[in-house]
Amino acid sequence: MEIVLALAIGVLTASGVWLLLRPRTFQVIMGLVLLSYAVNLFIFCMGRLEIDRPPILLGPDALDPRMYADPVPQALVLTAIVISFATTALFLVVLLAARGLTGTDHVDGREPEE
Amino acid sequence: MTALLRHLPVIPILVPLVVGAVELLLPEARRGLRVALPVASVLAQIAAALMLLYLTTDSMPDMWTEGVGVYSIGSWVAPFGIVLVVDRLAALMVTLTSLVALPALVYSLANWDRVGPGFHSMFQFLLMGLNGAFLTGDLFNLFVFFEVLLAASYGLMLHGSGPARVKAGLHYISVNLTASFLFLIGVAMIYGMTGTLNMADLAQRLTLLDADDRALFEAGAAILGVAFLVKAGVWPLSFWLPSAYSAASAPVAAIFAIMTKVGVYAVLRVGTLLASGDQQISFIDVGLFYGGAATITYGVIGMLAAQQLGRLVAYSVIASSGLLLMALGLQNEALTAPVLFYLVSSALAASAFFMLNGMTDRTRMIQMAASADVAPLPDVTYMGFGVKEPADPLSSEDEVGVAIPAAMAFLGLAFVSCVLLVAGLPPLSGFIGKFAMLYAVVQSAAEGALGWHDWALIAAVLVVGFAAVIALTRIGLRLFWSVTGRTTPRLRVIEAGPVGFLILLCLGLTVGAGPVMTYLDSAARSLHAPDVYIRVVHTAAALEAAP
Amino acid sequence: MRPIPIVLTAVLVAIWLLLNNTLAIEHIVLGTVLSVLLALGARQLRPLEPKLRRIYLIPWFVAMVLVDILRSNIGVGRIVLGLVRDREVRSGFIVVPLDMRDPHGLSMLAAVVTATPGTAWAGLSPDGSELTLHILDVKDESEWIRMIKTRYERPLMRIFE
Amino acid sequence: MNDLPLWAAAPAAVLLVIAGVVTLVGSLALVRLPDFFTRIHGPAMGNTVGTGSVLIASMLVSSAIASRPVLHELLITLFIVMSSPVTAMLLMQAARYRNKVKGRD
Amino acid sequence: MNEAFTYAVWFAQTCFVLAMMCATFRLLRGPAAQDRVLALDTLYINGMLTLLMLGIRSGSQAYFDMAMLIALFGFAGSVALAKFLLRGEVIEP
Amino acid sequence: MALILIVALPFLGSLCAAFLPSNARNAESWLSGVVAVVCTTLALSLYPQVVDGGVVRYSVEWAPLLGLEFSLRMDGYAWMFALLVSLMGALVVLYARYYMSPEDPVPRFFSFLLAFMGAMLGVVLSGNLIQLVVFWELTSLTSFMLIAYWYHRADARRGARMAMTMTVAGGLCLLGGVVLLGDIVGSYDLDAVLAAGDAIREHANYSVLVTLILLGALTKSAQFPFHFWLPHAMAAPTPVSAYLHSATMVKAGVFLLARLWPVLHGTEQWFWIVCGAGLASLLLGGFAAMFQRDMKGVLAYSTVSHLGLITLLLGMNSQLALVAAVFHMMNHATFKASLFMAAGIVDHETGTRDLRRLSGLAHAMPITATVALVAAAAMAGVPLLNGFLSKEMFFAETIFAGEGALFSVGLPAAATLAGMFSVAYSLRFIHQVFFGPLARDLPRAPHEPTRGMVLPSVLLVVACLLVGILPADTIGPYLHTAVYSILGADTPQYSLQVWHGWTLPLAMSLLALTGGGVIYYLLWRVTGAASRSPVRAPVDGRRAFDIVMVAIIRMCDRLVRLISSRRLQVQLLLIVIVSFAAAFVPLLGAGWQQGGQPLNELNPLFAALWVIGAVCALGAANQAKFHRLAALIMVGGAGLVTCLTFAWFSAPDLALTQIAVEVVTTVLLLLGLRWMPRRLDLGELRRRTLKARVRRVRDLLIAGVVGAGVASLAFAVLTRPAVEVLSAFYVERALTAADGRNVVNVILVDFRSFDTFGEITVLSVVAVTVYALLRRFRPAPESRLTPRAQREDAAREALESGDGLPSGFLRVPAAITRMLLPMAGLVSLYFLFRGHNAPGGGFVGGLVMSAAIIVQYMTSGVLWVESRLRIHPQYWIALGLLGAAAAGVLAWLAGRSFLTSLEWHGRLPLVGELHLSSVLLFDLGVYMAVVGSTVLMLIAIAHQSLRRPRRTLPTEEPEASIAPVSQDVEAVR
C-alpha cells in the first residue's frame, strides 16, 4: 500500500508542479489545488498507514495508542485543508481581479511578446 | 493586575484578534470608534510588549524562571500542548512589531485606511499573526500564525486594489502559497521523523535519530528553511518582493517592513534550536552565507537600478535581509547580537521610508477610479451583507488634516534621515548596527586573523552602505531638489508624525545603544545556549487554578 | 404569524433521531428545540409550504414505485449489457400533458422519474402544463404517457392537492 | 465482523452482490451507450438499487453488530432521493440547451 | 457463512471500483461537458458506495457520516456544474 | 564641561536656527555668531590645560559592549583645530550675514552651517575613533546640504552629490580601517591607539587598514585621484566655500593624517601612497588652477594643490615635515578663506566670477582689492606673509626627503614647479580681476561692499601679515603646543624666522616667484590663450565620475534584469528547484531510501482507485489551459479519490472535511469561471515555437523529478517505524482528561485548539479580503454581459410566479432544495454537536450549512434570497471569532490559562444530566466563523453578476470576441 500512496503523492505533485509552472492563472490555481491534495496526503503519510483503526476511542479501557492511527497528522491535515481552501478562494478572486484589471489571464498581467 | 500578568504572553495575540473581530461588527458610520479601537489595541500591545521585555530580563524570577516565560495554551504542557515561549528574542520581536505598528496605523488614518473595506481588521489580524509567530514554541503553530499573518498581508497588500497592486499581489500570493506548501512538507517530515512538534522537544529528540533518519530529518529542515528564506526575501526567491512592497499602499508597506524579518526570525529561532547539541546542520549555514551574499548583490544592484523610491526601498529591504542572513551564515556567535540590532534598526528604517515614499507620491494612490465604468453593486445586496455602500473616501475628504509649514524641509530632513538609516551612516542607528557587525567580526577573529568569509562580510557591509548612498542621492535629488514640476505636497501631521516618531526611535537606539546592546547580547547568548530555553519549556507547569 | 410547521418539524425531529440513532429523551428534547428553530428560520425561504392531504396513500405509492424501479433496473441493465438483440432500442423524448401544478407534487414526480432508470426528466414548460421526458426505450409513446399520468400523477395529486 | 449472525450475513451478502452487479452495469452505461441522453439512465441504477441494497445490507450489519436496530442509513436514501432529481433535471436541461445551441451555430 | 459474506463484500467493492473506472473513462473522454459532469456525479455516488463498503468491512459507524455527506451534498457540486452549463453562471441575480 | 559645550552648542544652535522664521536674517546671524564666539572663547579658555602636552578629557559611557564611549579629548593639536573651526566659523557667519540675500531661506543655511561646525568640532575633539567617524560622516552630510543649498541649480545638485558620494565612500572606508585599527589596539580610545604604534605597524592587517584610512582621508581632503569633487563643490554659496573648502572640512583629511601620523607613519606603504597622492595633487591642482575661468575654480584647484603640499609633507616620514604640515594647515586656512571671501564679494557686487569678464575692480573696490592682493601673495608664497614661511619649510623638507637622484633632485624640482604654478595662478587671480581697465558690461555696477562683509577677510589678512612678519611671537607657541601634542618628546627643533639666510629653499622660493611670473606672462600676455588648459588631463575626474555613475546604473539596470525576473513562472520554477536541491543535499550519501518497517499488504482495489486519481490529476494538468471546466471536473475526481484514501486509512474526519471542502471549492471555482472569458484553442492550431517547446519539456522534466522526489520522501518515511510521542499522550488523555472519544477532534478543539484558533482567523481574514477586493472588482470587458443563455431565456424575467417559486426549469429544483435547507441545517448542527465523540465538528458543520445556503442561491437567485434573508456574514465571522476567544478567556475566570476547557455539569428537568463545556462554545465559534467566511466569499463573487456595465458595450457574443482585449482595456482606462 505504501508504494501506491507514495506514487499517488508523486503523481499529484508532478501534475501540480507542472500546472504551477504554466502561464495561465487558471492553470496555476488548478496546480495549487492538486498540490494541496499532494501535501495533505504527504502530511497524512507521516502518521504511517493504518487500516480500520480510526482514532476514535472505543472505550475507557482501550487506550493503547497502537490500537489507533496516529491522530496528530490528521489534525494537522485538517488545519491544512482549511487553510488551503481559504487560500484557493483568495487566489481565485485575485486572479479574477487581475483578469479584469489587466485584460489577460497571463500570470504576469500581460501577454508575452514572443 | 497579577492575573493579567500571568496571562501576559497571550495578550499580544488576543487583543488584536478581539479588536479585529469587533471592527467587523462596527458599522462604517462609527468612524470614531473604528479608529479608536485599533489605536488602543496597538497601545495595549506596546505596553504588553514592554512588560514582556522587562520580564525577560529576569526581573521577576519568582514568576518566570531564568527570564523565560512559558504559557501553556489550554493548560496542556509541552510538548503535548502548544506553549507560548517568551524569551528575549521573542520579546524583542513583539516589541519591534508593536513599535512599527503604531506609526503605520496612525499614518493609515490619513484616509489610507478608507480606500477599501476591512483595513483595520486585517491590520489587527496581521499583528496577531506576527505576535503569534514570534511567541509560539510549536512548529506547526508557527505555520498557522505564518498563515494568519500572510492571509492578512494578502488583504493588506491588495488594499485599495488597482492594476499594479493586483498584479503584484498575484505574484506575492502565488509565491507565498508555494512557500506554505514547502513549510507544510518540512514540518510534516520533521514530525514524521521525530514524532513531536514542540521546538524545544524537537531539539532534544534530534539526538536520538540515527544517521539515516537524521538525513531525512535534515531534508525536512532544509525544505522548511527554504520556506523561511522565501519570506526573508533571499535571492533567487525574492523577485516578487520589490513589486509587492512598492505596489502596496504606504502604511501597508510600512508594516510589511517587518515581514522579511519574520523569515529571519524563523531561521534564527529554528536554526539555533535545531543546531543545538554537537550536530550542526552546516550546509544550511553555508547556504545562508552564500544566499545572503547573493541577496546582498541582488539588493544592491536593484537599488542602483531602481527608478522609483518605492522599489529602491524594497531593494534595500532585500539587501538588509541578505546582510542579516550572510552574517548568520558566518556561524559566528558574536555576530548574533549585532544582527539583532541591525534587524531592529533596518525594520524601523524601512518602515519610515515606505511611509515617506507614500507622502511623496500620494497622487499615485488616487487611481482607483479605474473601475468606474462598472456600476457598483445595488443597495439590496449590500443590505444582505449588513453594510451601506460608503461614500468614496478618496473623492472629497482626502485633504483633511492639518497642514504643517515647511513641508519640504520636513520631507527633506526625513529623507536624509532615512538615507542615513538605510546606508548605515551616523548618527542614526543603522550605523551602530553595521559598526556592531564589523566590530563583532573583527573582534572574534583570533589575533585579528580574518578569514575570507570575514572580509567578505566587511566588504558587504561597506558596499551596501555605499550603494545605498549612490542610489538614494540620485533619487533623492530628483525627488526633493529638482525644480521641474515641483509641487510642495501638503503635509499632514498625522502622516509626518509617524515618520518622525520612527526616526526619533532610531536616534534613540543610537543614543541608547549601550543598554540596547546589553539586552541584545544576552538575547544572543541565550539563543546560542538553548539549554535554558529547552529546560524551562520542559519543566514549565500549567497555570495553577486560582484558589 | 403563521403557526409552527408541524409536519416539517416532525420530519426534522425524526431525522435528528435517525442521525443520532437513538430515542433517548434528551435527544428528543434537543431535536425538537433545534427542529422548531430551524423550521422557523427556514420559513422565510419557504413561502409555500406543502399541504399533505391523504397521507395514507404514501406507503402504497412508495411500494408501487419501488416495484417499478426494480423492473426498470432490469430493463435498462439488459439494454446496457446489449442483451436486447431482438429489436432496435429506440430512445427519445416524449411530452406528457400535466394537470398537477403543486410544486411539491412535481418534486415527488421528479424524484420518481429520476429514480426509475429508463426515464429522465427533461424539462417542464414555463406554464407548467407540459412535462418532457427522455425515455431510453420508447416502445409505445402513448403507453408511457398513460402510465405516468395514471400511476404517478394521479396519486400524487391526491396526496398534494 | 467475524461473529456476524447468519440472519444478517446471508441477506447482506446477497444484497451486496446485487448492488455490485447493478451498479457496475449502470456505470457501464457510461461506457457503452452512444450519447448523453441515453447514458444518463445508467447511473440511476446505481443510485437506486445499488445504493438501496448496500444501505439495507449496512443496516443489517450495523444492527447485528450494535445488537439494536440501526436505521440511520435511511437518511442516506432520503437525501439521495431528494437530491438526485435536481442534478438530473438540470443536467438534462443543460444538455438539451447546449445541443440546441450547437445545432444552431 | 462469514467467509461468503467477506467474499460478497470484496465482490461488491470490486464492482464499485470498476464502476468508478467506467465513470472515469467518461470523465476523461467527454466529449461534451455534460458527459463529464454526469461522470463526476456517478463517480461521487460510486465513491459513496465504496465508503459504505469500508464501513461494512470495518464495522465502524464513522463511514456513515461521510456517505451521508456525499448523499446530501455531492449533488451541490453537480448542480453547480449543470447550472453553469445551462445558464453560464452558477448563481444568477 | 567646556569641552562638551564646544561640541554641543553648535548643534543646539542649529536646532534653534531651524525653527526661526525664514526672513530672520539678523536673528540667525546673531545666534550663529554668538555660538561661534562662545565656542571660540571656550576653546581659548582651555588653552592653559593643553599647553605642554596637557590633555583635557570628557567621556560618557555609550555602548561598552561595542567598545564605544562618547569621549572628547583635547590636546594641543585638537585645540588648534577647534580654535580654527570656531574662530573661522565666527568670521564666516559675519560674512554670510551680508552675503546671503534676503530672499534666501536663511534658517536652513545657518542651521546646517552650525551643524557642520558642531560636526567638525566633533571630528577634531573626538577621543574615540568610532565617534570620530560618526562626526566625520556628519561633516559629509552637512556639507552635502550646504553645497546643495541652492538646489534649484543643477550644478549645485551635481556638485553636492559628487562631494557626498566621494566623502561618504571615503568615510565608509575609514570606518573599516578604524575598526581594524581598534581591533589591533583592543580599544577605540585615541589615547590607547596613539600608544600602540608599533603593534599596529607590525600587524598583518596594517596594510589593509592603512589603505582604508588613507582612502578616507584622501577623499575628504580632495587629494588625487579623488580631487575632482572639490571644484564642483564650488556651486555652494561662497561663505560655505570659505569655511568648508578652505579652512575646515577639507582639512579634516589632513587633520586625521597628522592625528594618526605617530602610529601609522614610517612604512613604505605610507610613504608611497601619501607622498604619491600629495605630489600628484600638488602639481595637478596647481596646473589646473592656472586655467580656470571661475575665480572660485582657481581657488578650489589651488586648495587641492595646497592640501597636496600638506599631504606630501605628512607622507615624508619626518618630524620636521609634520611641523611644516601643521603650520601650513593654519596658514592655508587663513589666506584661502580670505581669498574665498574676496571672490564672494566680487561675485556679490558684480554678479559674476568669470575671470575673462572681470577687470580693473581695484578702481571700484580698493579695499577688497588690497585684501585679495595680500592674501594671494600669501598663497603665492611671497615673503613677509605666512604662506612664505610654511612653503620655505616645505622646500627645505623636499631637499632632505630621500636619497637617490629621483628624490634629491626630482622632488625639489617638482616642489619648485608647483611653486611656480602657485605664483602664476595667484598672479592671474589678482591681475585679471583687479587690474586693467574697469570692466563695463558686468551684471551689476561694482562698488565696495558694506564694511561687515569685508571685515572678516581684513582680519584674516592681518593675521597673514602678523604671522608672516612675526612668526615666533604670534603663532610660535601655539604651533609648538600643537606639534608637541602630536610628537611629544620627538618634537624636533625648528625655528620660525622670516630670514634664515641665503639658503637653498630661499632660492627655490625666488625661482618659483620669477618662474611663476614668467609663466603667467607667457601664457596670457603673449599668447593671449583662452582659459582652457593646453594640456588635457589624461583622465578628467569629473567626467570619469559621471561616466562611472552612469555606467554603474546602466549596468545594474541590465544586471537586475539578468539576475532576477518579474515573471512568475521563473520565480516559481526557482523556488521548486531550490527547495528540491535543498532537500537533496542532506540526503546525498545517506541510506535513507527504505526503512525496516513491514509494509501493509497491497490491495489491488486501492491501487485501482489511484489509477483513477492519477488519471484525473494528469488529465487536469493536460486540460487546464483550454478546457477549464473539464480540468475542474477532473480535479474533483482526484479530490474524491484523496477523500477515499483518507477514509481507507482510518481518517474519517479528514475524509469528511475533504469532501465538504471539495464541494464548496468546486462551487467557488465555478463562480469564478463565469468571469474568465472563454479561451479559444488557438494554441493548438498554431505551431508552438521551439522556445516554448523547450520550456515545456523542461517543466515536464522538473515536474516529474520533483514528483518522484516527494514520492520517495513519503515512501522513505512510510517505511520507517512511527515515533509515538504526541500521539500516545493524546490517545491516553483524550477520553480521560478531555472527555472526548474522537481524538482528532479533541486535538483540534482542546489539545491544540490554538491551531484551530489561528486557522479560523485565516479563513476569516481571507473572506474579508475577498469581499474587499470584490468591492472594487472590475470584470473583464468580455464577461460583462449577461451570459448568452440567460439573455435568450426571457422566461427568467418573471422570476417569481406568484407562489414565490421560480417558473420554468428551476421550479422543481427550487422546491426541493428549499425543503432540503432545514434538513441540511439539522445535519450541520449534528456534525457540530457530535464532533467530540465521532467524526465532525464545527468546521464540517459550518461547511455543510454554507453549502445549504449556497444551494438556495443557486436555485432561487441572489435577489430573491436576499430579499428574504439577511445573512450578515460579516457578523457571523466576528461573532464566531469572538465566541472562540470568549471560550478561551473563560478559563481565566477559573485562573487557568487561555483556552483551557471548562466543564459544567448540571441537571435539567426532563433532559437529565447536562454537560456543558467551553469546548462547545469554542466549536460553535468555529462553526460560525466558517459559515460566515464561506458564505461571504461565495456570495461576494455571486454578487458580481449584479454589476452592469455603465457604458453601452458592443452587444456581440462574448464567446465570439477573440479580438485582443488589451486595446479595449486601454480604452476603458
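Order of writing sets the labels: A, B, C, D, E and F. Residues in every chain begin at 1.
We take it that contacts are C-beta pairs under 8 Å (C-beta built on N, C-alpha and C of every residue); 3 or more make two chains touch, one makes a residue touch a chain.
Being a predicted model, the structure only gives us computed values, none of them experimental.
Chemist: Looking at the contacts, which chains touch chain A and chain E alike?
Modeler: Expected: F.
Chemist: By that same contact rule, can you tell me which chains touch chain B and chain F alike?
Modeler: Both-contact set = A.
Chemist: Need the CA-centroid distance for the pair chain C / chain D, whole Å please.
Modeler: Taking the mean C-alpha position of each chain, the two centres sit 16 Å apart.
Chemist: Express in whole angstrom the distance between the two chain centres, defined as the mean CA positions of chain A and chain F.
Modeler: Each chain's C-alpha centroid was found; their separation is 39 Å.
Chemist: Centre to centre, by mean C-alpha position, how many angstrom separate chain D and chain F?
Modeler: Centre-to-centre distance between chain D and chain F: 67 Å.
Chemist: Counting in whole Å, what is the centre-to-centre distance of chain A and chain B, each centre being its mean C-alpha position?
Modeler: From the centre of chain A to the centre of chain B is 28 Å.
Chemist: Touching two or more other chains, which residues of chain D qualify?
Modeler: Each of 26, 28, 40, 42, 47, 70, 72, 75, 79, 82-86, 89-90, 93, 97 in chain D touches at least two other chains.
Chemist: When you check chain C against every other chain, which residues touch at least two of them?
Modeler: 15, 19, 107, 110-111, 121, 123
Chemist: Quick check: what residues of chain E touch more than one other chain, meaning two or more?
Modeler: 13-14, 18, 20, 33, 37, 39, 57-58, 60-62, 68, 72, 74, 79, 83, 85-86 - these are the residues of chain E that touch more than one other chain.
Chemist: Provide the full list of chain pairs in touch.
Modeler: A-B, A-E, A-F, B-F, C-D, C-F, D-E, D-F, E-F
Chemist: Name, in rising order, each residue of chain C that touches chain D in their complex.
Modeler: Contacts found on chain C: 15, 18-19, 21, 69-70, 73, 76-77, 80-82, 91, 107, 110-111, 113-123, 134, 136.
Chemist: Sort out for me which residues of chain B touch chain A in the complex.
Modeler: Where chain B meets chain A, its residues are 140, 144, 147, 151, 154, 158, 161-163, 166-167, 169-171, 173-174, 177-178, 180-181, 184-185, 187-189, 191-192, 197, 370-371.
Chemist: Taking the touch rule as given, give the residues of chain A at its contact with chain E in the complex, in rising order.
Modeler: 52, 54, 56
Chemist: Chain C touches which residues of chain F in the complex?
Modeler: Against chain C, chain F makes touches at 795, 803-805, 807-809, 811-812, 814-816, 818-819, 821-823, 825-827, 829-830, 834, 856, 860, 865, 868-869, 910-912, 914.
Chemist: Could you pull out which chain E residues touch chain D in their complex?
Modeler: These residues of chain E touch chain D: 1-2, 4-9, 11-16, 18-20, 22-23, 25-26, 32-35, 37-39, 41-42, 45-46, 48-49, 52-53, 55-59, 61, 64, 67-68, 71-72, 74-75, 78-79, 82-83, 85-86.
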